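Take a look at the structures below.
Look for chain A in each of the two complexes below; its partner is chain B in the first and chain C in the second.
== the complex of A and B ==
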């Protein structure tokens, strides 16, 4: 085995892992606050990627810049989804919640299929082909930028929750819904904001990985699944867990692709999932009792 | 100040309150006593807007609040310290208190109110950076009362403040309730500890099966034969 290749895979996986972290933070935030698993998470990312793609193709806006437009749009999408759909099933049995979210996923996929067709699309941005050489190792500039921005946004989400008044209200409502109502927090509004922020996270992640992967309407489920694995690995509802878990899965998949066959990279993440469920079902940073 | 007029509350088809009427005047401590399931907590929940009565009216300072949301009712000056405390365990004591004062004057005067609360409960000042979930039951109850006071309410609804406290804390909790009252907050107190709550209140109501069966001045109720027999075991 070539050592350079291994280090290369390690770095590549680490960088992509940062973006995975951001996706998983969005999922974990939504789950942590509302106890709802957003099975349309990957599809929201797909929609964000299409918006980014068309901003790039039609208006020549670089995906990194277009975050400024995509993030608020996807926030709004998430906000409205919570307000008009999720809110109605917040107290429903889990199965009903899952069905609704899967339904939303199917609608979004078919909407994309209907509007943009099934073709693969690739956005060749300014940085698509540029790379930094370090010794014998190449570092993809797009990945580096994606990683950097993903980290900045993640830290931003942490600070938002820790320091701002709205962030505290979100944590309060996540902790104790009745208590939050009693002190006069508008819980429904706080839920909608949380769903919006969680969606914006995955939306930004979508804009960041657009230059890295081919875009088509079907890419949602595999990202929903990956981020779900990350959230289980890190501990349901733990944002720090989602962050660390994202990096771990990014590296593991990338190493798996090199050491095994690249089509087997998911084998690695699912193996990790099984091991975690067997030996530490609460995840790395989760607590045992609900 | 507060007038509850013949409210009827249902959970599904089950009637919990069968026409409760009560009054709380400015400056009073009013006790609501009764056994488990008599409807005490349901009455309190109706006043704070968490459940809405099917019939009857609730008035606060002359305004009808029967169908308002908890959000609006807090704004009008009623604060609810719920049974079981309902704190935010993964928020610090300080953050829990902050969440009690979210709007207007209460928010602007957070610091001042907090200092007053730390005078009432000095231990909370020492523990203010701890997560509320790590505190003892008594300390959590202090945070719950403190959080309720943060909105600078004119009427404080206290639901079972002594439940689950060590006996040694119970007396001091009552001293503090008395103190909060003398410093200007009207209190509606729900308790199972009949003797204690009747001895500090101005007036009391006895609830049974969702209806008021007795009412009167606290001391009179303490002397009442029925109450002595049923609730005090004398």
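== the complex of A and C ==
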């Protein structure tokens, strides 16, 4: 086995993993607080990517900068989604919750299809073709930037939850909804904010990967699925778990492509999922409930 | 208050009779517009319905829409020329079906279009979907003209009602091997090592298999030093490209689809993979107008060998001009052109059959011999399997932001450039 190739795969996997982490943190936050699995997670990312794309094409704003615009917009989308849709089914049986979120996903996909059509779009940004060569190893600049910002945003989310008042309210509502209500926390508002923050995370991730992958209305489900695997691996509701899980899956897929046949790389992440479900169903960083 | 409500809640006699008359007129108009389904058939068809099933939404909707545009333009052209003359100028009507790229949906859409009176079907781009529709068409006894679908087995089932104008996968491979031989013979630098990279769906694996087989059967002096398969919807293929780079190939043989072509090319650029050329054995992704828009200079010099339009055909020039004007899209390519021919073949058969009876249409289709058409290869005829033995592929090369036909030489627009400059030097 070629050593350069192996190092290349490790670095590539690590960089992709950072973005996976950010996507999964959004999903995990929403689940941790509301116990709702956001099956429209990938679709929210897709919408964020379209916004980023049009900001780039029409106003020439680089995706990295457009995060400043995209994040609040997607926060608002998430906030409203929680307020008007999710909040109504928060106590409903899980099946109903899943159906609603799947419904939202279908609506978003078809909305994108209706407005922008099925064409693949690709943003040729300043960095989309640049790479750093270190000996025989290539480091992709867009990926490096995406990784760096994803890490910064993830740390930001951790700090937000740990230090700010709203963050503390979110954690309180997540720990004990009734208790939070008793001490005067407006739980509905806190829920909407959490959903907004979770959506903004995946929105930022979308803006970051726009220079890397072709955009079309159908890319949502595969990202929802990947982040779902990561969240199960890391532990449902654990943000640290989602973060480390993202890196693990990124590296595992990349190494899988080198060590096994590359079309088996998705098999690697699903095998990890099965092993985790069998031997540690609470995930790496999850705690056993009840 | 009471009075007002009374006034509003009752219609007087005059108003009532007016409503009845108006209603009857409207109903009558509706019946005229919908064409009195039962009555027209008895009086001999004024409108002949053709069912078009394309993947108009779903993963490959871009292509599906192009196919649908081709079908629609052909119908419009035939109607503008006076419809089917042997049947009193009967007009064609295209019933639109959408397979979403999924075989069961394609089948149920075909079923629906047959129920709605299609006398003939055309479609369906994806081989898996086409196979499902072919089986249904055979069961129902409805002629099915395949405009696009390459998998060989579709026409090897002994079906009587299925005809295919498109090039078969095995022919793709054979033409490709010939073109590669031509390139090797004319290249000033030796070409010895090739890496084959293909997506892992049915299309990718089958094309890879036929390509490898043809290169071997035709004794093309080239070593496949690595064969890399990667997932169709891969989000990241940097590792796969690193693997290809490690194999130090002279040429890359990619088998991709629209999205993966972009990802692959960018990755080759970023990792600075040295290649004499990228020569694809007939896959989508490298010649659509959007490809140039997205990849700009990187799109240049890439070679691909799909079935293609005949740039020397005067009929093509004329049809293409109208296509671009009507749909405001780039020039016609394989998808829209073969879709156009699909309807053209049906219209030609109807003209000679002088009937919408399935048996007569099938008999006429068997005797098809269309000399003037818009794609590569000789006249459109059908062999005993229903295949067009004259359907071939052409070698294309992107030069100066345009896709040009470079092989076979009898149809070629320009000569090809080989070896090609490195991606980062374009």
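Keep in mind that, in the parts below, the second predicted complex is superposed on the first by the 287 of 290 C-alpha atoms of A that agree within 3 Å, B and C clash if a C-alpha of one lies under 4 Å from a C-alpha of the other, contacts with A are read in each partner's own complex, and residues count from 1 in each chain.
Please note the rule applied: a contact is a pair of C-beta atoms (placed from the backbone, for glycine too) under 8 Å apart; a residue touches a chain by one contact, two chains touch by 3 or more.
On a predicted model such as this, the values are computed, not experimentally measured, just so you know.
Peer 1: Would you mind checking whether chain B and chain C clash or fit side by side on chain A after the superposition?
Peer 2: fit
Peer 1: Classify the contacts of A:183 with the two partner chains as first (chain B alone), second (chain C alone), both, or neither.
Peer 2: In the superposed model, A:183 contacts chain B only, not chain C.
Peer 1: Touching A:263, do we find chain B (first), chain C (second), both, or neither?
Peer 2: second
Peer 1: Tell me which partner A:92 touches in the superposition: chain B (first), chain C (second), both or neither.
Peer 2: Touch partners of A:92: none, neither chain B nor chain C.
Peer 1: In the overlay, answer first, second, both or neither for which of chain B and chain C A:175 touches.
Peer 2: first
Peer 1: For A:277, using the defined touch cut-off, is the partner it touches chain B, chain C, both, or neither? Pick first, second, both or neither.
Peer 2: neither
Peer 1: In this superposed model, does chain C or chain B come into contact with more residues of chain A?
Peer 2: For chain A, the partner with the higher number of touched residues is C.
Peer 1: Quick check for you: in the superposed arrangement, does A:131 touch first (chain B), second (chain C), both or neither?
Peer 2: second
Peer 1: Could you look at A:152 and tell me whether it touches chain B, chain C, both or neither (first, second, both, neither)?
Peer 2: neither
Peer 1: Put chain A at the vertex: what angle do the Cα centres of chain B and chain C make there, to the nearest 10 degrees?
Peer 2: That angle rounds to 140 degrees.
Peer 1: Nearest CA pair across chain B and chain C in the overlay: distance in Å?
Peer 2: 37
Peer 1: Which residues, counting only chain B, touch chain A once they are in their complex?
Peer 2: Contact set of chain B toward chain A: 48, 50, 70-71, 73-75, 80, 82, 85-91, 95-96, 98-100, 102-103, 147, 151.
Peer 1: For chain C, which residues count as touching chain A in their complex?
Peer 2: It is residues 57-59, 61-62, 64-65, 200, 228-231, 233-240, 242-243, 246, 258-259, 262-263, 266, 269-272, 290, 294-296, 298 of chain C that touch chain A.
Peer 1: Could you pull out which chain A residues touch chain B in their complex?
Peer 2: 165, 168-169, 171-172, 175-176, 178-186
Peer 1: Give every residue of chain A touching chain C within the complex, in rising order.
Peer 2: The contact residues of chain A facing chain C are 2, 4-5, 8-9, 12-13, 16, 113, 117-122, 124, 128-131, 133, 138, 140, 143, 209, 212-214, 216, 218, 222-223, 226, 253-254, 257-258, 261-263, 265-266.
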